[in-house]
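For reference, the structures are reproduced in the following blocks.
Here come two complexes built around chain A, the first alongside chain B, the second alongside chain C.
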Partner chain A sequence: METGLPARPGSGSGVGRWGRVPRAEGAVPAVAMGSEPGGCALRPFSCELGPLGRPDGSAAFLQGDTSVLAGLYGPAEVKGSRELYDQATLEVLLKPKVGLPGVFEKSREQLIRRTCEAVILGTLHPRTSVTIVLQVVSDAGSLLACCLNAACMGLMDAGLPMKSLFCGVTCALDADGALSLDPTAKQEKEARALLTFAISSVERRVLMSTTKGTCSVEELQRCIAAAQRAADAVFRFYRDSIHRKYSKA
Partner chain B sequence: MAAGFKTVEPLEYYRRFLKENCRPDGRELGEFRTTTVNIGSITTADGSALVKLGNTTVICGIKAEFAEPPAESSNKGYIVPNVDLSPLCSSRFRPGPPGEEAQAASQFIADVIENSEIIMKEDLCIANGKLAWVLYCDLICLDYDGNILDACTFALLAALKNVQLPTVTINEETGLAEVNLKQTNPLNIRKHPVATSFAVFDDTILIVDPTAEEEDLATGTVTIVMDEEGRLCSVNKPGGSGLTAAKLQDCITRAVTRHKEVKQLIDKVIKSVK
Partner chain C sequence: MKETPLSNCERRFLLRAIEERKRLDGRQSYDYRNVRVSFGADYGCCVVELGRTRVLGQVSCELVSPKLNRATEGILFFNLELSPMASPSFEPGRQSELLVKLNRLLERCLRNSKCIDTESLCVVAGVKVWQIRVDLHLLNHDGNIIDAASIAAIVALCHFRRPDVSVQGEEVTLYTPEERDPVPLSIHHMPICVSFAFFQQGTYLLVDPSEREERVMDGLLVIAMNKHREICTIQSSGGIMLLKEQVLRCSKITGVKVAEITELIQKALENDRKVRKEGGKFGFAESIPNQKISAFKMERAPVDTDDVEEQAEEIITKADPPLDVFAEPILRLPGTAQIGEGIENSWGDLEESEREEEEESNSDDVTASEDQKMEVEEINVVSETKKDDPIVLSDSEEEGVVILEPEKTSKKTRTHTNAKQENSSSKKAFNKKRKKKRATR
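For the complex of A and B:
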C-alpha cells in the first residue's frame, strides 16, 4: 500500500506556516516546491505500509533519497533471562547498508530503543518481546531521523499500543549559524553542528536528543523550536498515510 | 519498616522523598555527590586519573603508541576511547563481550572528544604521513552506582591533563624515530568538557547525579556536556519521557554551575601535583 504524499510546502495548509519561519539571516525562506532541499522545509517524503509479509508490522520510509525499511515482530515469545515480569522487552536491531553493525550502530540502537520504550504501552503485554529490525536501504543524510520515522510507522502498522506517536527531525547548523532542517549528506558534512530530535505528538515534547559538533544554548533552543514545527508536517503525513491504508481496505 | 516498604513499593517510597524535595541519601534535587579525583596513580600509563562520584568509581588510563596517520588525513593522530563495564562493578553486567551500555558509553565518550575538540588530532601528528601518536584511553568502572557518563568524562579529562608524551624526533639519515623518554611534554588541552547527568521522574521532576537505584526507577535520563565557553558539546537524551524546551533549559543552567565546580576541582588537583 503506497502513499506518496510530499510534505513540501505548497501542498496544502502547510504553506503559511513554513512562510512564517524566519531564517537566521532574516530573509524569508523560499517556499516554492522543488527549491533547495533543507532550508526550513523538509525533503519530500513517502512511505509504504506493510511491504513485508512475514513480520507483524513493516514500513518503508523515504525522506528525499534516504530510505529505511523497518520490520516489527511482537508481542512475541521472549527468552528466559531477558523476560521482564511487568512489561514487554524491546529490542532494536539496526543493520547498516554495508558492513557489520559496530559500536556506532549499537549506540543508535539504544537511542531508538529507549525512544520506543517511552512510547509503547509495554505494561499491556508483560513477559513478551517486541523486536524492531531497521535496515538502511540508502543513506543520503538525516539517517537517524528516517530510522525513527520508519520505526514509528512500523509500530502503527503492527498495531502495537502506544501513548503517543513520535517523529525524527534533524537540524543542521552551518558556520554562520543558519539553520536547515532535514539536511542532505553534503549539508551534513559541511555543517558545524548536527542535532537530531525525536518529537512526541503529545505537546511536541522532546523524547530523544543527540548532537554532533558544538552549538550555543540559544541555537539549541532555536533548533528545538524548528524541529517542533517540522514535526507537525510529519504527523499530518502519518495521519494521511494511515487514513489511506484503512479507507481502501 | 521503611526497608520493607522500600522493597515492596520502591517507586512510592521514592515519591515520598521527592514530595519533600529531597532524596533518600539526604541530597537536594540539584546536589551532586562528593566528587574526588586522584591523578597519576598508574605509573605504567602515560596518564591516568581516578574519579569517585559518591560510590561510582571510574579509572582512566591512557597509553600512547605509534601508528601511521590515516590515509585521508595524513596530519592527524588517533584517540581511541573504550569504556569497560565488567561484572566487577555491578552484578547487572555479565562476563563476555561488551554489552549495550558499555558500547553506548564508549560511543558517547568518542563523541564528546570529537565534538568538544578537547585535543586537536593534528597535535598528535609527529611526521606528516609517516608517524603519529595514537592515544588509547581505557575507562574502567570499578564500582557502578549510577551516573557513569559524568564520571567517565571527568576521568578522561583529568587523565588527559596528566599525560606526558616523550619527545620524538625523526633521524634524518636512518628515517627512524628516536624517542627521548627523559624529555616529556604535556598535551595541549584546548577545551574542558564537563558532563552533567539528570534523571527524569514521572515526566516532570529532574534530579541531578542519579544513583543506580534512582536510574532504575527513573523514566528517562538526560546528559548535557558543556565546555568553559558555555557551548554545548553534547545534549544526549536517549529516549525516556518527553521534556519541554523549558525543562531542558533548566538542565543547561545547572550544567553551567557544575562546570565551574568541576573546573575548580581539576585546577586544584593539577596544581597540587606540580
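For the complex of A and C:
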C-alpha cells in the first residue's frame, strides 16, 4: 500500500466552451497545486529529451503528476531465434514502480508494441532489434497514454524512421455520460468507462484503442472525436519541444 | 544484447592515465561526482543522480503478519532491479551475478545495520506489522551503482510517510492519509556506501569509479558508513590484497565523503518538506530545470470539444449498419458444433501420389464426412479430439486406395481431394506415422 498526498479536488466535467489560452514557451507552468485537471483540458505537459546517456534514445514525459521514462535501444543486435529476415524485431518492456511485472503489464506492452510496429519502418533495418523500455516513475491517471507519448518521444530522440508520429489520449466517461480528457487517478476511479486511443499524426487516424467499462456507440465516436482534437495539442507540444532541442544545432 | 567489449587500446589508455593520476572526466583521484536528489509527488519516491548514473527509488508499505521468530518486529524488503534501459547488457528476467551481489550488499548495509527501527513498525504483536518495501530501479548505468542505490534507498526511506495507526486496547484504527497526516519512519542513522576502485594490484586507488574505470579495475572496496563515523558494512571483492594503511586511509576518505553527502541529503529533504508545507509545487515536473534546451513544458491546454457530438453523429449515420446475419450453429454431436459450411474445393482431381503426400501432412484434424470436402474454416466446440482409425493396410505399394464410407458425420476438416473420405469415428488414436488411410466411397 502506497501512501500519497490527500487527493486534489477534481473538477466537474462537462463539454463546455473553452477559449484558447496563449501559451508561454518554456515558462514555468502557472498552475497552482489546487487547480482542476481534466475536464476538457489536458494537464500541464513537460518532457525532457535524452536525459539518459546509455540508451540510444530516451525521453521523460510528464502529464500532470503522471511520469514515464522511456529508454530505447535500436537498431541493435538480435538473438538468432528472434531474428526476422525482412524487418526489425520490436520489443517493449513496461516496468512498474513497485513489484514485479505481471500479466497487466504484459498486455499493456503488447498494445504499445502493436502501435509502434504500425508506425516504425522496420523494413529499413532487417535482422535487427529495437527495444523500448518504459519505466513508470509515478502514476496519477492516464498512464497508458503517457507511456505511448513517452515511447513516441523516445523514438524521435533515437532517430528511428517512422511513417508517422503517434500520441496517446485517455478519455473518461462518468455516470452521466460527460466526457473528460486526460483524467486524474481520482477521475479514473469514478468513471464509468475509460477509453485510451493512440492517434496517428497523419489525418488523426486511430492506431490503437482500448477500453475499460461500458459505453454506447455514440459515446465511443464522441470520445474518438474528442481524442482527435486533443491530439492536436499533443502534436503541437511534440513539435515545439523538438524544435527547441534542435534550435541550437 | 551482448556488452560491447572494451578494446585493448582503450584499456591501456585508461590504465596509463590512472598511473599519471588523470581521469577521463577530469576529476581528481578522491573526487566524487555531483549528487542530485529529486522527489516525486508521492511520499517515498525519489530519483538520485550520481553523475550520469540514475536510480529511482520507491518505498511502499503494507500490513502483514510478522515472521514467526520475530513477532514484534516489522519486515524490511529491499529489491534492486537493473532495468534493461540502464545498459544494453542487462537482459530482463535474468538473475545475473552482479544483481545478486548488489542486492546482498544493499541488504547488509541497510538491514543489518539496523538503521530503521523495526520495533516501531509493530502494530499488534504477533498479528500485524508493517512490511516496508523498498524498490530501486537503475535507470542509467555509468558506474558505481551501489553508491547511487544506497543513497536512493536511504533518501526514499527518510522521505516516506506511512499511514497513522492507533491502538486502543483491542481496537486498531488505521487512518487514511485524508483523515490523519501520515507519519515518517523512525530512522536511527543514514548509512551510505562509498566505493573505491583499485588498479595495478592496489597501487592506485580511485573513489567513485565511472563505468569505464570499473571495467579496467582490479578490485573494488565498498565501505558503508554513517555520519557518526560508524562503519556499517565493508566489503572487498576482486581478490586484491590491501595493506592495513590503505584500508584505514579509505575509511578516513569515506568519513569525509559521507559527511558531505549526508548534508546534501538533509538539505534536499528539508527543501522538499518546506515546499510541501507552504503549498508550493513539487514533484518531478518541478525538478526539470526550465533553462535546459532539451526540456520543454506546456501549461494546461484546453481542448475545444464543441462540435464533437455533431462529428460523432455524422460518422454514425454515414457508417454501414451492422450485419444482422449470423450463421446458425449446427449441433452435430454432444460437444461438437459447426458454424459455416465452407466453400467448394477448387483443386480438382489430384494424382494418387500427391494424395498420399497430402495424407501425411494431414494432421490430427478430424475427418471429413462427405466427398468434396474442402478447405473449411470452422469454429468447433470440441471436447475431445477425434482421430482417424489406424487402418491396417497391405504392404504392397500399389496405388489403389480403398475408401470407406463414414458411419456418422462429424466435423469437417481441411482435406484435399474429392476422391477421399476419411473415417470418422470417435476417440481412436491416430497414428501419424506413415499409414495410408483407407476409405471407401
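Note that in this section the second predicted complex is superposed on the first by the 213 of 249 C-alpha atoms of A that agree within 3 Å, B and C clash if a C-alpha of one lies under 4 Å from a C-alpha of the other, contacts with A are read in each partner's own complex, and residues count from 1 in each chain.
By our rule, contacts are C-beta pairs under 8 Å (C-beta built on N, C-alpha and C of every residue); 3 or more make two chains touch, one makes a residue touch a chain.
Treat the numbers as computed from the prediction; the structure is a model and nothing was measured.
In the superposed model, A:190 makes contact with neither chain B nor chain C. Within the superposed three-chain model, A:200 lies in touch with chain B and out of touch with chain C [touch as defined at top].
In the superposed model, A:118 makes contact with chain B only, not with chain C. By the document's definition of touching, of the two partners only chain C reaches A:54; chain B does not.
In the superposition on chain A, A:212 contacts chain B only, with no contact to chain C.
When the shared chain is aligned, chain B comes close enough to touch A:110, but chain C does not.
More residues of chain A lie in contact with C than with the other chain of the pair chain B and chain C. In the superposition on chain A, the residues of chain A contacting both chain B and chain C are 217, 221, 224-225.
Contact residues on chain B toward chain A in their complex (touch as defined above): 100-101, 103-104, 106-108, 111, 114-117, 219-220, 222, 227, 230-245, 248-249, 252.
Considering their complex, residues 1-7, 15, 17-21, 23-24, 26-33, 35, 37, 40-55, 58, 60, 62, 64-65, 67, 69-73, 76-77, 93, 95, 97-99, 129, 131, 133, 135, 137-138, 140, 179, 181, 217-218, 221-222, 224-226, 229-230, 232-233, 237, 240-241, 244-245, 247-248 of chain A touch chain C.
Every residue of chain C that touches chain A in the complex is listed here, in rising order: 1-2, 40-45, 47, 52, 54, 56, 58, 60-63, 81, 83-88, 92, 133, 135, 137, 139-142, 160-163, 177-178, 182, 279-281, 283-285, 288, 290, 292-306, 308-309, 311-313, 315-316.
By the touch criterion given at the top, residues 103-104, 106-107, 109-118, 164, 195, 198, 200, 202-203, 205-217, 220-221, 224-225, 228 of chain A touch chain B in their complex.
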